[in-house]
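Residue numbering begins at 1 within each chain, and the chains themselves are lettered A, B, C and D in the order written.
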Amino acid sequence: MPFCLLDVDKDIPEREQHIYIKDSKEPKGHCKQRCNTNTIPGSMTERGCAFAGVKGVITGAIKDVLHVVHSPVGCTAYGNGTTKRYPTRPEMPDGSVFPVENFNLKHIVGTDLTESDVVFGGMNKLKKVIREASKEFPFVNAIYVYATCTTGLIGDDLDAVCKEMQAELGKDVVAFNAPGFAGPTQSKGHHVGNYTIFEKLVGTKEPPKTTDYDINLIGEYNIDGDYWVLEKYFEDMGINVLSKFTGDATHGELCWMHKAKLSLVRCQRSATYVAKLIEEKYGVPYLKVDFFGPEYCAENLRAVGKYFGKEIEAEAVIKKEMEKIQPELDFYKSKLQGKKIWISAGGPKSWHLSKPIEQYLGMDVVALSGLFEHEDGYEKMQERAKDGTIIIDDPNTLEMEEVVEKYQPEIVLGGIKEKYFFHKLGVPSVMIHSYENGPYIGFEGFVNMARDIYTAIYNPAWKLMEFEEEEPGDSNE
Amino acid sequence: MPFCLLDVDKDIPEREQHIYIKDSKEPKGHCKQRCNTNTIPGSMTERGCAFAGVKGVITGAIKDVLHVVHSPVGCTAYGNGTTKRYPTRPEMPDGSVFPVENFNLKHIVGTDLTESDVVFGGMNKLKKVIREASKEFPFVNAIYVYATCTTGLIGDDLDAVCKEMQAELGKDVVAFNAPGFAGPTQSKGHHVGNYTIFEKLVGTKEPPKTTDYDINLIGEYNIDGDYWVLEKYFEDMGINVLSKFTGDATHGELCWMHKAKLSLVRCQRSATYVAKLIEEKYGVPYLKVDFFGPEYCAENLRAVGKYFGKEIEAEAVIKKEMEKIQPELDFYKSKLQGKKIWISAGGPKSWHLSKPIEQYLGMDVVALSGLFEHEDGYEKMQERAKDGTIIIDDPNTLEMEEVVEKYQPEIVLGGIKEKYFFHKLGVPSVMIHSYENGPYIGFEGFVNMARDIYTAIYNPAWKLMEFEEEEPGDSNE
Amino acid sequence: MSELNVIKKERTAVINPIVTCQPLGAMYAVSGIERGMPLVHGSQGCSTFVRYGFARHFREPADIAVTSLHEDAAVFGGRKNLISGLGNLAARFKPDVMGVVTTCSSEIIGDDVAGFIKTAKVEIAKKMGEEAANKIKIVQINTPSFVEHQFKGYDNAIKAIVDTLAEPKDEENGKLNIIPGIVNPGDIREIKHMLSLMGVEGILLTDTSDPFDSPLRPSKADKNPYYQKGGTPLADLQDCANSLGTISLANYANSAPASLEKKYNMPSKVSEAPIGIQNTDSFIRTVKKFTGNDVTDEILDERGIVIDAMADVASRYLFGRKVAIYGDPSITVGMARFVAELGMIPKVVCTGVKNEYFVNDLKKVAKESDEDIDALFGQDLRALDVYLKENPVDLMIGSSDGRLMAKDLGIPLYRVGYPVYDRVGYQRRPIIGYNGALNLVDGITNTILDKYYETQDWKLQQ
Amino acid sequence: MSELNVIKKERTAVINPIVTCQPLGAMYAVSGIERGMPLVHGSQGCSTFVRYGFARHFREPADIAVTSLHEDAAVFGGRKNLISGLGNLAARFKPDVMGVVTTCSSEIIGDDVAGFIKTAKVEIAKKMGEEAANKIKIVQINTPSFVEHQFKGYDNAIKAIVDTLAEPKDEENGKLNIIPGIVNPGDIREIKHMLSLMGVEGILLTDTSDPFDSPLRPSKADKNPYYQKGGTPLADLQDCANSLGTISLANYANSAPASLEKKYNMPSKVSEAPIGIQNTDSFIRTVKKFTGNDVTDEILDERGIVIDAMADVASRYLFGRKVAIYGDPSITVGMARFVAELGMIPKVVCTGVKNEYFVNDLKKVAKESDEDIDALFGQDLRALDVYLKENPVDLMIGSSDGRLMAKDLGIPLYRVGYPVYDRVGYQRRPIIGYNGALNLVDGITNTILDKYYETQDWKLQQ
C-alpha cells in the first residue's frame, strides 16, 4: 500500500490519498496521488489564494506596469511589495530607462472597497481609481486590474471596465479575474494569469528588433536575481532573451512573445499553459527546461544550444561555470553527505532539486512535498524519489510535526511560514520559495543553495539548543 | 568684603581668596583674586595637567606632525585623539595634500615605559621609538616629543635625544618638557608649548610665498571648526592667514611665523607668550583680538581692517554677516531674555562671552569661573560682571553644588566632566571647551552657541523631571 | 503655531496602503490566548497573507487555520466549511479557545456564523464527548474586511472575547485588565514589568508576548500538536469580569472597556499608546487610581534614567529636527508626543484610519509642543511620499513598509510598529513605557548620529 | 585549521594604544562602592583624563579626587598632599570608603602611602571625632602606572578592597561574591538579573551599575554633597568574607578570589567574560555549584529566546563572515567565542595585554570553532590597522577608539567595550549573559544588514 494515513490524520482520513510512500515495486513506478483538490477546512494549510497566484507570482515581477487591486484595503496591502523577492532593473528593451527602479516592489493601487461599494457595486469606483492611478504614474506602460473575493462575489465586470479604460487612457488596461476563492490553490491564479496574458497581450506588439536566436524565457520570475544568472549564460552562448515571462520583464515583452524562435518553460507548474498556447497559435515551439543543479542546467543549456546550433558555445559555458563551482561543490558535499533533507517547495522545485541534491551534495532526500503541485509534478517526484521517501501533497502543520518525528530530516527546504515552526522543533529550514541568500538557479545558484543548506545545518545554535547541566570536559574549568 | 567663603569651604578656608563677589563700590573696580595656585588636595578640581596643556591644547591641533609621548602607556592613551575636537584639512600651504585626513586625531606614539625603564632610564628606548615612529609614518613633517611625570622624575634628557634624532632623521624633532606635575594647571603646558615653539621653530623656515596682508592667527585651535569660520572673514577681507597657531596648521607655519605682518592673539591665556616673543625678536606687532559675540567680532575685524587699510572690506563682512544672523539672534534673545547663566570656561571664554551673552541674548550672568585663568583674566571677568556676580577660580564640585543652590543658574557653560553633574542637579549644561554643535566663534558661531543654550534650557526633559502624582488638567483624561 | 492641519485624502484610490483589513487584528488578538486558535472563515489568502506577515515580522510560527472557502461556498454558503473546520481543528488541536474570524467573503455570502457555531458545538460534542467539547470555547468575531481596518478588527475581537468568555463572580479579583493594542512582545513585557513594579497583577487582553517570541527549547515545548508557549489563559479571560478596572492602551480599542464598564460597572480608561514620558506617567497614574497601589521608587528610578538620557542627548543631538511618523493611529500619536518631548518637531503624522480619536490626540500634541503638525488622515504611504518630496524631514519613524521610500528620499528611517522585517530584534524591544522611551531615545539618537554626524566625525570625539 | 597564531608586537613603540595604565582600573573599582571615593595620589591629569573618559562613555558624573602633586612633591614627597587630601575629602564629603590610588609619580617618588594613611586617620579623628572617623574606611591601592595596564589596576583594587574591608563571621551569609570586571552598568544589571532568576543574592565586587547610570531625580538625590545612587554598600564588602564562593567574570581579576580562597577557604572560579551561550552556561553552572540552587525554567526560557534568535538569523545573515575583535582581554575572548557560536569567524583578536590567560582562552575558541585565529598579543590599534589592510574582514567589534580606523578601512564597526563615546546607550545594553547575547545577535545582525544587504534591498523583503 503506497498511501499512508498519518497518525495525526485519523480525524481527516481523506488525507491518506495525498500522502504516498515511494515503493519501486509499484507496477507503474508511480501512483496517482491525490492533489490540486480543496484543502480540508481547519487543517492549517500552507496554501495561498488565486489572487496571490496571479499578482504574487506571475505579474508582480514585471517592471513597468501598475497594479490596481479591486478590493477592500486588505488585499491591496497584502499585494504590495510582493511576498516573493522579485528585483527588476530599470533598463527597457528599446534602450530607454524606466524612471523608477524596482517600481514593481514600490507601488500598488487599490479601490479600498467599503460597505456601500459592496452593496451598490464597485465598477464606477474602479474606473475612477484607474484614472487616478494613471495620472499618478503616467509613465507606466500598462495597468493590470485584479478581481478579489469581494468583487468576485458582488459580480463586478472587470473586463468591461478595463476595455473602457483602455480606450480612454490609450494604454493597455488588463483585467485578471482570479478572485481569492477561485480554485483550490494559488495555482488557479497562475492559470488565469497565463490565459489572460496570452489572450489579451501576446501578439499585440512588435519587438524593437529581433535576431535569429530569440527566445522566450517562460516561468522565470527572477527570484532574488535568478534570471540574471541565466541571462549571463544565454549571453555567453549568443542567445537573445526576447521576452521574459515575467522576471525583470516589461509589459511589451509579453506582447511580442509570438516573435521568438523558441520558448523555454522554466517553472513548469505556473507557466506551461502560455507556452502551449503560443505554440498552438503562433507555432513557436517550446522546451521544458530545468536549470536547477549543475547536471540539469548543463543538459538544458545543451538542448538549447543544439536547437540553435550553438553546441560549442553551450559546452564552453558549462565548462567555465563548472570549473568555477567544483571546489565549492566538493566542500559542501563533504559537509552534507548523508544528511537527511525534506524538500517542501510550492511544486516543481521539489522534483527539480531532489536529484541534484542527492547527486552533488550527497544528501538523503527523505521527504518531498508540494503546496499546489498537480499530478504530473507528483509523478516526477515519485519517479525521482528513492524507496521509502514520503511524498505529501499540501502538508498541514500537524502532519509536518509527525513527518519530522518519523523521518527526522536534518533540514527542510520550505516557506517562511513553516521555517520558524521547524526551528521550534529543532530542525533548520531554508526558504526555498524566495531563497535566503540566492539566487539558487544555475551553476553558481546551486552553490548558493548548498551554502545556505550548509550554514543552516551547521548553525551552532542547534548544538547549543539545550542547556547542559554538566560542564563539558574540555571547557574552561 | 568682596571675597566669599562658601559654606562647603569651612574646612578649606584658603578658598575664600579665590572667590569674589562683584561689588562696583570696590575702589579699583576689581580686586586681586587668588588664582593660578596649586589646588587644595582632595578638593575635586576640574583642572588638568601640564602635559594635557601642551599636547591636548597647543600641539594636538597641527595636521602634519607625529606626537611621541615618553611615558607609561596611560599618558599616551589619554593623549590620543585629543580631548578637544580639533579637525584638520589635508591641504598644505604649498598646494600639496597631506596623505591622511585628520591625521592629528588618528595617531599617537608612546614609549610604553615599564619598570625597568623607570629604573635604568628611558632615553635609549625613546630613540628607538622615534626611529620606529618615523619609519611608520615617513610622511610627517616633524616629530614632537613629550615629557611626562615619569620621565620628568627619572630625569631623562629629552632635548638631547631630540637633537640627536633630528640630525639622524633629517626632520625637526622637538622636545616639549611639560611633565604632568609641572605648574598648578594645564596653563603651564601652554606656556611650555609657546616657549618651545618660539625657541626651536619660529624663524627656521621660509613660507612658500608671502603677501602684504599676511597675519599669524595665534591661539586659534580650530575647535569644532572655529578657525574655518574666521578664515572666511579674512578671505573676504583680502587678508592672508600665513600661520595658524595651531588650529588646522602645519608644522611649517609655526616655523615661518616671523614673516607675518601682524600677529593676532585669539586665546590670550594660552598664546600671548609666543606673540610677545615674536614681536620682541622679529618686530612683528601683535593685537589681542576677540571674535566671540557679534560686537567684539565686528570691533576686532575693524581693528584688523584698519591695520591693513581694509576698513571697507571689514565693514562689508560685518554687514553681510550681521544681516544673516540678526533674525536668529532676535529669536534666541526672545527665548533667553532674563535666564540666569554661569559661564565656567577654562579661562578667557568666561570674560569673552559674558558681555555678548548679556547684550545679544539678554541673559543674566550670575556666575563666572575659570579653571586655569590668571590674574589678568580675573580682572576682566570682574570688570565685565554686574554687581553680585560670583567669580570663582578653580571651582571644585562641592562649591559648584553650593553655587547652583544659591545662584540658581538656569544653564551652565562648562566642561564635559561637570556637564553631567549639573544635569543631576537639574541644571542644563553646555560644553564650552569643545562645544556641542559648534563652531561658536564669529557671527554664525555665536548663533550656534545661542542655539545650543536655547535647546539645552528648553529641553523638555527639565519640565518632565519629576513625576506628577496628579493628572494635569489639559491631559488625556 | 501649534495648529493641527488635517489633510484628508483627495484621491479615491488607495496607493501603498498603511492599513490592512479587519481580520488581521482579530487573528492577532486570538493568537494572544493560551492554546487559542484563530479560524479564519474565508479564502486561504486571508490567513496565509497574515501568517506570512506575522512570520516575517516576529520570526515566529503563527498558527492560524482557515475554512478554505471556494467557488462552491460562494454559491452554497460556507456552512460545511465552517462546521467541519471547527470540528477538525477541535479534534486535532484540542485548543482551549477557537476564534472564528469572518472575512469579506463570509460576510458577503451572509453565512449564519452564530448558527453554524452552534451546530459545530453539537458535532464536536458528538465526536469528542460532552466534557472535552465543553472545554473548548468558541468565540465568534465578525470582521468584515470592507469596513475600516485591522484596528477595528482587533477591537471587535477583544470585545467578542470578553463578551463571550467573561464570567462574573461575587468578588473582585484585585487585578487590572489591560488591553495592549496591536503591539510587540517587547511592549507587552514592558507593560507587565511596570505592573509588577507597582505590585499589580494584570490580565492581558490578550497577551501575545510569549506566543510571538517563544524560546527555542524542543525538550520543553508542547508537542503533538506544538503550541507556542504562553498567552492569556482561558481562566484569566473568564476572570476579567471581576477586575478592578480596564485600561486600554490603544485609542482604537474602546469597545471591550465600554462593554465591561456597562455590564460589570468596572471603571475603564482608553488612551493612545503609552509612549514617552507623559503618556507613561498617565498610565501609571491610572494604575494607581484603579488599584490604590503607590507609585514605587523603583519605577520612578527607571523613569529617572530615561529623563537622564533625554537631558543628556535630546537638546544636543535631536532638538528641532523634523520628523515624519506613520502607521498605527495609536502608536503614531504616542510617538508624536514623545518626539516633541525630545525637542523634535513631529512635522507630519500619517495614518490610514479615519477615526476622530487620532485627530483629537494629535491636537493635544500640537498644543503642547507649540508646533504646527500636518496630519495625513485616512491616508496612505503614497500621500506621505508626495508630501515628503515637497516637505523634507530629518527622520522618518514607522514600519518597514516605508523603507524603500525612505531610501529614495534619502531620509533615515527609525523602525517602529508593524511590520518590521528588514532588520531584526525590533519585536523584542519595547517602545512603550519608560524602558521603551529609553530604547527610543537611544535608537533615534544613534540614527541621527549615523546620518548627520558621521560626516563631521570629529564631532563625535566627545 | 583551528590554530591560534600568536602575533607579538615587533615594535618597541606603542602606537594608538588600546590599554591604559593601572589607576583607571582602580578608579573604576572604587566608583562601584556606595559613597566610595577614589583619591588619586598623583598629578591632576591622572584623575582628570579618567573623569573625562568616564563622563564621555557613561554620560554621567564621575567623582574622583586627586592629591594634585606638583614640583614640590617631586622633591619633598607627597606626604602633605596625601594627608591633607584624605582629610579634606573626609571632612567635606563624608564618604564611607576612600580608595587611595597611586600613580607613576607617587610610586617613583617612593611615598610611604601606608604610613601617610595612618597619619591621616589620626588627623581625621582629631578633626571629626573618633566615631565619625572610624566610619570612614581607607583602602590603599598600589597601581604603578608603568606596570601592566588598567586590568591589573582593577585586579589590584578589588584585592585591596577585599583584603582591607572583609570581616569574617562565624556563619556563611548564603551569598555569592561576583567580580564583574571592567564592564558596563547594563552588564552588571544583567548579572544581578541572572542571579535573581536563580534565587541567589550576590555581593558585587564592586557594583558600578547605578553609580554610572543613575536616574535624574533631583528631588530624591543625595545632596551636599551629591552622590550618585547605589554601589556596593560597605556592609556588603565587609560581609564578602562570609560568602559561599567567589566568581570572577574577568580572566584578569584573579587576585581577590585567590586571596578569599586562601584566607577563608572559599571556593572560587575565574573565567573570561560570560559572553555568549557557552560562557553564560558555564557561569550558571558555577552559580548552581556554589549555591546548590537549581537552574530555573525562567532563565532557561531566556536562554531559549537567544537560541531562537541565533537559529533564525545566524546562518542566514552571519555565517562565515570574518570578524576582527579588539580591546579588553576578557571581553574580546568572550566575544570571539560568541561570534564563533554565531557561525562567524573570529579572524583576528587584538589586545594590548600580554597575559597568558588571553592566549589560553583563545586557543580553546580556535579549537571549538575549527578556525585559525590570529591573536595580536600585547599589541595596539596600529598593529590591527596594518593587519586589516592586508587581511580585510567583514566586521570590526570593539570600542569607539577604532572608529576612524574602521571608517578609513570601510569596515562596519559594532561597538562593544570601553570606551564608546560616538553613539549613545551602549553602556546600558548588556553584552554579558543571555540577554547580552540577544542584544549582540540583534546588533551585529543589523550592522551586517545595513552594510551588506541594503545594496540589494529586495533581499530584505522577507
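Operating definition for what follows: a contact is a pair of C-beta atoms (placed from the backbone, for glycine too) under 8 Å apart; a residue touches a chain by one contact, two chains touch by 3 or more.
Small disclaimer: the values here were computed from a predicted structure and weren't measured.
A.B. asks: Pick the pair with more C-beta contacts: B-D or A-D?
C.D. replies: Of B-D and A-D, more C-beta pairs in contact link B-D.
A.B. asks: Centroid of chain A to centroid of chain C, CA atoms only: how many Å?
C.D. replies: Chain centres of chain A and chain C, defined by C-alpha means, are spaced 32 Å apart.
A.B. asks: What whole-number Å value describes the gap between the mean CA coordinates of chain A and chain D?
C.D. replies: 52
A.B. asks: Can you check how far apart chain C and chain D are, centre to centre, with Cα atoms defining each centre and the answer in Å?
C.D. replies: Distance between chain centres: 40 Å.
A.B. asks: Which chain D residues sit where two or more other chains touch them?
C.D. replies: In chain D, 52, 56, 59, 214, 216-217, 300, 303, 307-308, 311-312, 404, 457, 461-462 touch at least two other chains.
A.B. asks: Going by the contact rule already set, what residues in chain A reach two or more other chains?
C.D. replies: Those would be 81, 83, 102, 105, 416, 420, 423-424, 461, 465.
A.B. asks: Line, ring, star, complete or other: which one describes how these chains touch?
C.D. replies: other
A.B. asks: Please give the residue numbers of chain A that touch chain C in the complex, ascending.
C.D. replies: For this pair, the touching residues of chain A are 8, 11-12, 38-52, 68, 71-78, 80-81, 83, 102, 105-115, 117-118, 125, 128-129, 132-133, 136, 148-150, 152-154, 179-185, 397-398, 401, 416-421, 423-426, 461, 465-466.
A.B. asks: Going by the contact rule at the top, pick out the chain B residues touching chain C in the complex.
C.D. replies: Checking each residue of chain B against chain C gives 81-87, 102, 105, 224-225, 416, 420, 423-424, 428, 431, 434, 436-437, 452, 455-456, 458-462, 464-465, 467-471, 474-476.
A.B. asks: Mind pulling up the chain D residues that touch chain B in the complex?
C.D. replies: So the residues of chain D in touch with chain B come to 11-24, 39, 42-46, 48-49, 51-53, 55-56, 58-71, 73-74, 80-82, 84-89, 91-93, 103-105, 108-109, 127, 144-147, 149, 214, 216-219, 221, 223-226, 228, 352, 382, 401, 404-405.
A.B. asks: Across the complex, what residues on chain C touch chain B?
C.D. replies: 271-272, 277-279, 281-282, 284-285, 295, 300, 303, 307-308, 310-312, 314-316, 319-320, 340-343, 361, 364, 367, 456-459, 461-462
A.B. asks: Please output the residues of chain D touching chain C within their complex, sorted ascending.
C.D. replies: 52, 56, 59, 213-217, 220, 229, 297, 300-305, 307-309, 311-313, 400, 403-404, 407, 421-425, 428-429, 438, 441-443, 445-446, 449, 453-454, 457, 460-462
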